[in-house]
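Quick notes on the structure that follows.
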Amino acid sequence: MRLIEGFHVSKNFGGLKALQNVDFTVEQGEIVGLIGANGAGKTTLFNVASGSYPPSSGTIRFKGENITGLKPYQICQRGLARTFQIVKPFLSMTVLRNVMIGKLFGKDRLRHREVAEIEAHRILDLVGLSSKAKIPARELTLADRKRLEVARSLATNPDLLLLDEVLAGLNPTETVEAMTLIREIRQGLGVTILMVEHVMKAVVGVCNRIIVLHYGQKIAEGMPQEIAEDKAVIEAYLGEKVEL
Amino acid sequence: MGTRKHLLGAVGLVLIFLCLWPLLASDYYVSVFLDLLMWIALTASWIILSGYTGYISLGHAAFYGLGAYLMAMMWTQIPYVFAVILAGMFSAGFAFAIGFPFLRVRGPYFVILTLGLTEITKYIFINLEIKLGGTVGRILMMTPGLHTLYYSILVVTVMATATAYFVKNSRFGTGLFSIKEDEDAASALGINTSFYKWLAFGISASFPGMVGAVLALRRSYIDPYTVFSPIVSFQVIVMAFLGGLEDVEGAIVGAVILTLISEALWARYPYTYMIILGTVVILIVKFMPLGLVPPIKSRLIKAMEKES
Amino acid sequence: MDLTRILQILSTGLIIGGIYALIAVGLNLMYGTMRLLNIAHGELIMVGAFITYWLYTLYGVSPLLSMILVVILSAIIGMIVCRIIFLPIIKTSKSVAVLESNSLLIFFGLSFIFTNVASLLWTADIRGYSYMTQVVQVAGVPLMYNRLLALGISLLVCLACYFLLQKTMLGKAIRALIQDREASHLVGINVSFIYMFSFCLAFAMAGLAGCLLSMFYEITPFMGMPYTIIAFIVIVLGGLGNIFGSLLGGFLLGLLETIGVSVTSPGLRPILTYSLFILIILIRPQGIFGRGVY
């Protein structure tokens, strides 16, 4: 089923046309990549989809429901979660508490701290932060902060997870670990993923489908192979053919 | 945990002591404790919004003054207890009314916005008094005795500290602290940040309303310049920052320390007292932004963990 | 309403507007370059006013001369406060948001220190003096020399500021810093010097404004706050960091306020001012200083 659909989504900031009539869909169970040069509108699309601000025009439907203009917390509680490009951990709180917040206020809306704690531990296991549960978030490395960001969003029990450049700043080993985690999120938890990414090897390695944005417009969409060979995409963004 | 029972016992003892105080002490010292309790109530309620969410408010004096004037208007027409409660409810209502637009403003702009709120309330009352009565200031006659007022404030203070404590340890409080850490992330995780801030603002405003109502009776004379004075808000800030913004214990510690200093200085050297307050704020913000209580608390916790 | 009355309102508005411009430009300079919200700005005005008052009343020194002393003294105070209190925290603040909030609280504390030191030294009494009160007719409007003098000085200083910012290298560096702090570092601008300079210049202009004000208004240790509020209104309306906006905004607000008070009543002035203050903060254009993305 179509998990999320955007119809003619546009967003203007004053004179700047960040998004122009973008149509997009993500089917349940997919891992879709969203690529494009900086300023192409990828994070804007995420912000519109997750409710940071409404689109200037167009609609977004999530699980069949029109979510255009809803507030971020409302969208989160319907099962759409996101991570931030510059991670926003709750620095003074422990890793565990960070994740518990997702459990307490996300789609599950758990009332009791004890249950939330148990569920949070489960998520920490998945992302590999169990050993650091009691550490304050401010003491984590960047890679671990990114793990925490993902864990916290997963704790809200989303159907769709928007990952915003989750691989940025990771070294090759960490990148491979992250890719494995992304696959596991889809495989083990059944969460659909839409990911903005610049690391092409990861995108083609993990995604079923890729959407390409350029100056706020969708210029291509398709399987990794097609995208890698698409002339427009190569000219606008890739620069050269990507070896798969 | 054994410590929890110990703490409850300690709190109980303190409460009993405070209840017995008027029977033990002279009027002067009952008065001192009345002041102390008032500041604890004001500071403990202030941190519910400003300490827990980080939205530093200079508007506490506005609700305090509002409560005082409400009492001045209702006195001798409504039973005393009802008047105090109404003052609290009205102050909360006022906060709820302005809460949504006010709390959309963040950071230092919220601070100066709330300063503007207190100031405009002051001038509105000045103008109203001149229009209605020709003079500024109200006298209240046949006010209750010191002991009645003391116990009233004691009740309000207990309610304020209990509220601050239970909010902090509730799901609501967790949400508030998340807002303080990162409001956008909190929102993205399902917290209805606008509502939470609004609720904290209103709850927090009810207590200065009640305190103001009781204090109006104590002073028997109120005027806009004193009840809406930025000095009220300023003292609360100093107490909260001194003791620690995020804990009721901090509010109490800050209030106690400042009341001691003010007892020594305020009557004869009010200007020096304020200069000290100003210096304290600067020192705390620069060197100990968390306040006195948190580092002591974590050291105590570490020591207790070592023992067990 | 006859022409004389209109001209009188206009001239009063311009005179007070010039002073507002002085105050607002200084405040905005401090905010634009350092992200510091000086809520104690009014107290610097008060200090300038009192110094001028005492020099005139005790030693007969003309405010024209005191002006120079006040400017120097205010700049020195600025240098001390900047060096000891603010430069360290600008360097160590975790984020702009934290810096803005913390500095606001520090300035709040400074404001109390200034008012109460003044009260301690000079009591809270209202004071005033007369200087250059001869009246001269300008286009049929009677104006006192002292007010003309104030207008002249404010215009002069505002022009000097304009010249500084537009035509000198230092001014260019200041404008660069207001636009982008990181980039300014990178192109070799001595950022610390500009911080200090902006800080001292702001304090000096506030002191000067106080000196001018003391010539025709009464002074007390508590006179500062209303001017701080007005300065905030001006800089938000004119644009935070937009120095020319504050320049024009100051004059505009002086005019608006004078017109408003003449149409209603003087008692309502604070209410009008604060209403405007609250409204513009509530409705403020998001792009200029909101952290939210709405």
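Letters A, B and C mark the chains as written, and numbering starts fresh at 1 in each.
Everything below uses one rule, namely that a residue touches a chain if its C-beta (ideal position, glycine included) is under 8 Å from a C-beta of that chain, and two chains touch if they have at least 3 such contacts.
Here the structure is a predicted model, which means the values were calculated and not measured.
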Longest centre-to-centre distance from subunit A, chain (CA-based): C
Winner on C-beta contact pairs when B-C is weighed against A-B: B-C
Euclidean distance of C-alpha centroids - subunit A vs subunit C, Å: 47
Approximate Å spacing (C-alpha centroids) for the pair subunit B, subunit C: 33
CA centroid of subunit A to CA centroid of subunit B, Å: 42
Subunit A, residues touching no fewer than two other chains: 52
Subunit C contact footprint on subunit B (complex, rising order): 56, 101-102, 104-109, 111-113, 115-117, 119-120, 123-124, 126-127, 130, 234, 237, 241, 271-272, 274-275, 277-282, 285-286, 289
Partner subunit B, residues of subunit C touching it in the complex: 37, 39, 85, 88-89, 97, 100-106, 108-113, 115-117, 119-120, 225, 229, 232, 267-268, 270-271, 274-275, 277-278, 281-282, 284, 289-292
Residue numbers on subunit B that touch subunit A, as the complex places them: 171, 174-175, 177-178, 181-182, 184-194
Contact set on subunit A toward subunit B in their complex: 50, 52, 71-74, 76-77, 81-82, 84, 88-93, 101-102, 104-107, 109, 111, 113, 152-153, 155-156
